[in-house]
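Below you will find the structure I want to go over with you.
Going in written order, the chains are labelled A, B, C and D, and every chain counts its residues from 1.
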Amino acid sequence: MTKSNFTRRGVMKTGAVAGAGLATPTIFTSAVWAQGFTNEPTGDTVTLGFNVPQSGPYADEGADELRAFQLAVEHLNGEGDGGMMQTFSSKELDGTGILGKRVEFVTGDTQTKSDAARASARSMIEKDGAIMVSGGSSSGVAVAVQALCQEAGVIFMAGLTHANDTTGKDKKANGFRHFFNSYMSGAALAPILAAQYGTDRNAYYLTADYNWGYTTEQAVRESTEAAGWNTVNTVLTPLTQTDFSSYIAPVLQSDADVLVLVHYGGNMVNSLTNAVQFGLRERQANGKNFEIVVPLYSELMARGAGENIGGILGSQNWDWKLENELGAKYSGTNAFVQSFGTKYGFPPSQAAHTCYVQTLLYADAVQRAGSFNPCAVDEALSGFEFDGLGNGPTLYRADDHQCFKDVVVVRGKENPENEFDLVEIVEVTPTEQVTYAPDHPQFAGGSLGACNPGA
Amino acid sequence: MTDQTTDTIPAATTSASPKAGGGLLGLTKKDFGLFLLVIALTMLAPFLLNPFPENSAMAQFNAGYPDLMQRFVIFGIFAIGFNILFGLTGYLSFGHAAFLGVGSYAGIWAMKLLTLNVIPSILASMLVAGLFATLVGFISLRRSGIYFSILTLAFAMMSFALAYSVLTPITGGETGMQLQYFDPRILDAALEPGQTPRANLFGLDMATSTNLYFGNWVFTLNVGYYIAAFCMLIAFYLSIRIFRSPFGMMLRAVKSNQNRLNYTGISPKPYTLAAFVISGMYAGLAGGLLVAMDTQVGAERMFWTASGEVVLMTILGGAGTLIGPVLGAGFIKYFENIVSKINEATLHTWFAFLPDGLEDVVVAMIYPFVGKGWHLTLGLLFMAVVIFLPGGLVQGGQKLVGLFRRKKADDKTASSHTPAE
Amino acid sequence: MGILEVKNVGKRFGGLQALSDVNLSVAEGTVHAIIGPNGAGKSTLLNCLVGKLIPDTGSVSFEGQSVLGRKPHEINQMGISRVFQTPEIFGDLTVMENMMIPCVAKRDGAFSLKAYGQMMRDTEIVERAEHMLEDMNMADKREMHAASMSRGDKRRLEIGMCLAQEPRLLLLDEPTAGMARADTNNTIDLLKQIKDTRPITIAIIEHDMHVVFSLAERITVLAQGTPLVEDTPDNIKGHPKVREAYLGESSGH
Amino acid sequence: MEAIILQVLNGLDKGSAYALIALGLTLIFGTLGVVNFAHGALFMLGAFCAVTFSNLLQLSHTVIDETRTDFLGNPLKVDVPYIYDIFGEAVGSSIIDWAVPLSILFAIPVMIALGVAMERGLIRHFYKRPHADQILVTFGLAIVLQEIIKYFYGANPIPTPAPEAFVGSFDFGVMLGFDPGGIVYPYWRLIYFLFAAFIIAGVFAFLQFTTFGMVVRAGMADRETVTLLGIDIDKRFTIMFGIAAAVAGLAGVMYTPINSPNYHMGMDFLVLSFVVVVVGGMGSLPGAVLAGFLLGIIEAFASMAQVLDILPGINQIIIYLVAIVVLLTRPRGLMGRKGVMED
């Protein structure tokens, strides 16, 4: 929907009101898409759509994403301290909005349901004229909204989505993912798991019974098996499960000495809490200490699990302590933490980080391309190499619109000093180790297609 | 006497002759009037729902964009169908979302395998949902009351759980099912690699819209919306016919006294099953239209909360009334899509005219009820409606009309029971 | 050979033998009353006739056809209508609609999917129902909510609904129970009028001797699940066994 | 064998939660004839009573520790609970450690008050209304209650650990004569089971042996008659509602160490507890308890890998499948009475 003001008073007066106007061929040219591309900003502002979970179990994660988006918009408009714009390797952004247009935003509630997320995204595109949609906290939502943005002809900058499918079989030319994925988790964890726990381990998997669970389990299983581990059993658990005792108890009866909890969100909090209740952390099996692994860590969920998180390994896209602990390679981290922490009083989560970075990357791509046209943005972002956004040198690969960067392996702190300092960085797995070929079997079956400007 | 009959159900005819009562399309005068009103409202919805000019502070409350208008009519269909079962027979199904979901899956598979034309897809949705409803209804209707409700709930929850997990290959599971350019589609020409498959009606793209500009107002006329609205009008018309038909009377008799019905030589079970299947097919139609308007299906639309939502829509609007369910559906969808999008920044722009301190206070007071707090407002409104308007929104409307008519309403004494509109 | 033949019917509930060896023949065109003290098995017998209960032994036939194993609505369609102790009507519907339903049942059978016609434009049904309402002197109440009527009117409506089906046998289960004297007399008059004007057989279960002796042409006395005696009202009045077993209790003081 | 015993224990444990919630739900059905969709919210409120109580105990004042810094490099602010000032750090910290069991004392009056307020203020006006209206109003209430909790506590789960003494598990199998390490079971789960058994027994005893209970049971059987006897049944029903709320609340309090509470935990349990009540049979207290434990145990067995290998996905649907089978073979659930909520 455009906001230009040429008047069609005549049409209105001659009774086009009840849809008779549909018959006149001059109007019937799908005016919404009639310009160069969908929602081309014509005024002095540009609208971005931030679609995050505001109700349901991921509402807090959504709130954190929203904080990051707001911060990014402030920085783009030249307010605040500029955050990562100071450290970003591309210096195109100058605090005057995007292409000189002031950035405005609308928000919506995905409810972490693909239907609701699409409804919300459609309203942003159709009603508010959003030129880009970002955010989200699950792969189901990301894939659904990404497909919508492809159809509508706007850019989708994925928020937190970790399943391979987002940039695998469901990848789309108009969609971009900065967050890492299941494969990368597996590839990053395997060598460190082998180094920490030995190569002769028997792993037992409890996997969330839906797409993300499947791809993550497969990724971790294949990587660890390659490192010499043996898979004892894999059990699928329902999404709606709250009490995991009946899944944990059989682990005690098996000869496993590692439990991999392929769970996220509330499932992860509960299964981990239950596993610790059953004494798995103190358990000895096959003459070794029993270990628990959580492939995808989330700070908020770690907070929910409380002290149960202590000693448990997992992977993250980013951590707010990266630059402090591992040096200037991860520059940008401190700048972001500083401005986020100053504004909100606590350090940002990785979900907040990825959303902030995605917004900046989008703005920068538009600036470099000199156009809001999704195809121009696609071109500017595909194959773009950048640094200074907290993850070290990063590549937005052209083949699948996935970012390739280092993966952080973390361990839950035994005695956290405060509720934000829950994990310690164990090691960072370098990009090369987590890079895969675009046609890797775990990502097979889809096609990026062509960019769609929606005209 | 004649005055009285216009106010009571369903005897809009007079005692003089059963043929009397006017109206067209086989409807009574009063029903025809209602139908005309609904036609006018749906056709003019793009204008009525966009009362505020673009760029004005109140534009936030505009609901006249394609997606939401489509949702209004589609969930209207869903609720109309549900009302045929619940409003007439009193059987409270707590698993109706399963039929919507199954219909959606059938619809998207028709688009994947046959053609992108929406008609085969919608027909497939209705057919498959109808078959599934026959199965579920046949089993569930062996019980009544809450036992029936739990049986339907159990079927729906099983459908959801399986679609989300084990059946991922045919449902898409968590990520939902979408169209791909490389789907077989035996009736259509193959698409170019990377081309986006779009649902259409004989080449007319559902997403096609035309904008009318009128001063600062923008009105969007969308093809998909008018197709969905046309389906809703048919669905609404059929629902009036069912309400007024012998079949409809029997359904109300089922609700009123099954024992007497049995001893009047009528078997309630086939009637309830027929009502169940019809309302299942309405749900299927709604599911098919959802796919036609937005070509994807997520399993969450079968979760129990989705079934609960249609129950709430119907009761909120007024169960057993013709127009109530549509109002209820609009009410809930409006909240879900409009109120949830009001954020703190929006509030600040609204109240920018207030002095700074006061502005913050006002925003802080309203903020918990909008945006991420939209559920809270919805819950409060549920309670308010059911406490103050026991007959739902329809009764609220009648009270309002009654206030205006009070002056000349001395002779209207017979409206003690719930009227049917 | 009566229109209704009950042969050797027995029914047991757990340890209680509710009916044993009941034989009963209701002659066509008569009013046949079944009386007996509380717990004599009157209601059980009635439920066996209409298909609500299935007897353990014996047979029940109506116009030569067995009713056993048929569902209530099937038995009704054979030509047996039943009036309940507490009036069973469609409380949420109008009086007119209440009357139309049996008319539809009579014409269209146990199920018909007429989801499209206008009920109120079905001239045949509307006229029949209106006719029936006039017969019942209820034409002025046609738009009333059935549940809001007095008990006497509900009873009258229920009887009217049964008659609208033109049954060959009308079963009445204590039709005046709980009624005021005036309502009872009205009901007696109504039943008398029905008996006089329609070719119908009536079987009535009743406590109130006044009602029984005003209407019945034959009386069966049931006691402890077995028929004690069957005879004309006059003979029943004087029958020593009956006086002893039943009437003695109620008229002895 | 050990595996089976473990799953029976797990089933009893899950069943305890189901049974406690279903017990209160069916009490309200049976006595008041009200479909209470807010019952899950009462369970959730109970859990948040524990959270609130624990937060109250940890009410703190801030002390600035110049020797340490926070993540932004500013001097670290350290919270010192007032309770340390009152009782000293040792006693204070052990009181905080025991917050969950102690919060029972806090939850009982709060939940009873809430229950009574709910009945007096809202539910009471819906006794004569159709079930549909009851569903709408209680569902609305449930949403409002959980949104209020979300507003104050956020959507994230809040860890609420058991006292140190009950953390972890012990070798239950040795007590039964199995090899060591065979049946290891968490302390708190056993405590939860015993607690549930105690509460259930208490409710039954109360209804069985007190005059109050007798009247309520008579009221459940036939409301009209008891009212005719001139007994103020409404007042007793109010108290009954308070008790049902307290039972749900206690179930929630004790559940917090098993799974960290969050604002929508009530909705998660709501549907399941309805299924439990209906499978048990409307209006039957023993039925609700029996069905709770039965479904808990069946669910536990359905989640075993050996079962899932044969029937993939059975764990997703088992509860509903059992419900369907039970309702088709036993028209009124396991122990339901005729005519309750059948129309």
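As a working rule, a residue touches a chain if its C-beta (ideal position, glycine included) is under 8 Å from a C-beta of that chain, and two chains touch if they have at least 3 such contacts.
Since the structure is predicted, the reported quantities are computational estimates derived from the model, not experimental observations.
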Per-chain Cα centroid nearest the overall protein Cα centroid belongs to chain B
Expressed in whole Å, how far the mean CA point of subunit A lies from that of subunit B is 34
In whole angstrom, the CA-centroid distance of subunit C from subunit D equals 52
Between the Cα centroids of subunit A and subunit D the separation in whole angstrom comes to 35
Shared-interface residues of subunit A (touching two or more other chains) are 55, 59, 63, 209, 236, 238, 240
The positions of subunit B in contact with two or more other chains are 161, 164-166, 375
Listed in rising order, subunit D residues that touch 2 or more other chains are 312-313, 316
Listed by label, touching pairs are A-B, A-D, B-C, B-D
Per the touch rule, the subunit B residues reaching subunit A in their complex are 43-44, 47, 54-55, 62, 65-68, 71, 161, 164-166, 168, 173-176, 178, 180-182, 193-196, 198, 205, 207-216, 218, 220-221, 226, 290, 294-296, 298, 300-301, 336-337, 340-341, 343, 345, 371-372, 374-375
The answer for subunit A against subunit B in the complex is residues 1-9, 11-12, 16-19, 21-22, 27-33, 54-55, 59, 62-63, 66, 70, 105-109, 113-116, 118-120, 122-123, 126-127, 138-140, 143-144, 147-148, 150-152, 163, 165, 170, 173, 209-212, 214, 236, 238-240, 446-450, 452
The subunit B residues in contact with subunit C across the complex are 1, 4-5, 8-13, 15, 18-19, 21, 26-28, 241-242, 244-250, 252-253, 255-257, 259-267, 270-271, 274, 278, 414, 416-417
Per the touch rule, the subunit D residues reaching subunit A in their complex are 2-3, 6-7, 9-11, 13-14, 17, 70-72, 150, 154-159, 161, 167-169, 181, 184-186, 188-189, 258-260, 262, 264-265, 268-269, 299-301, 303-305, 308, 312-313, 315-316
Subunit C residues touching subunit B in their complex are 50, 71-74, 76-77, 81-82, 84, 88-94, 96-97, 100-102, 104-106, 108-123, 125-127, 130, 142-143, 145, 148, 161, 165
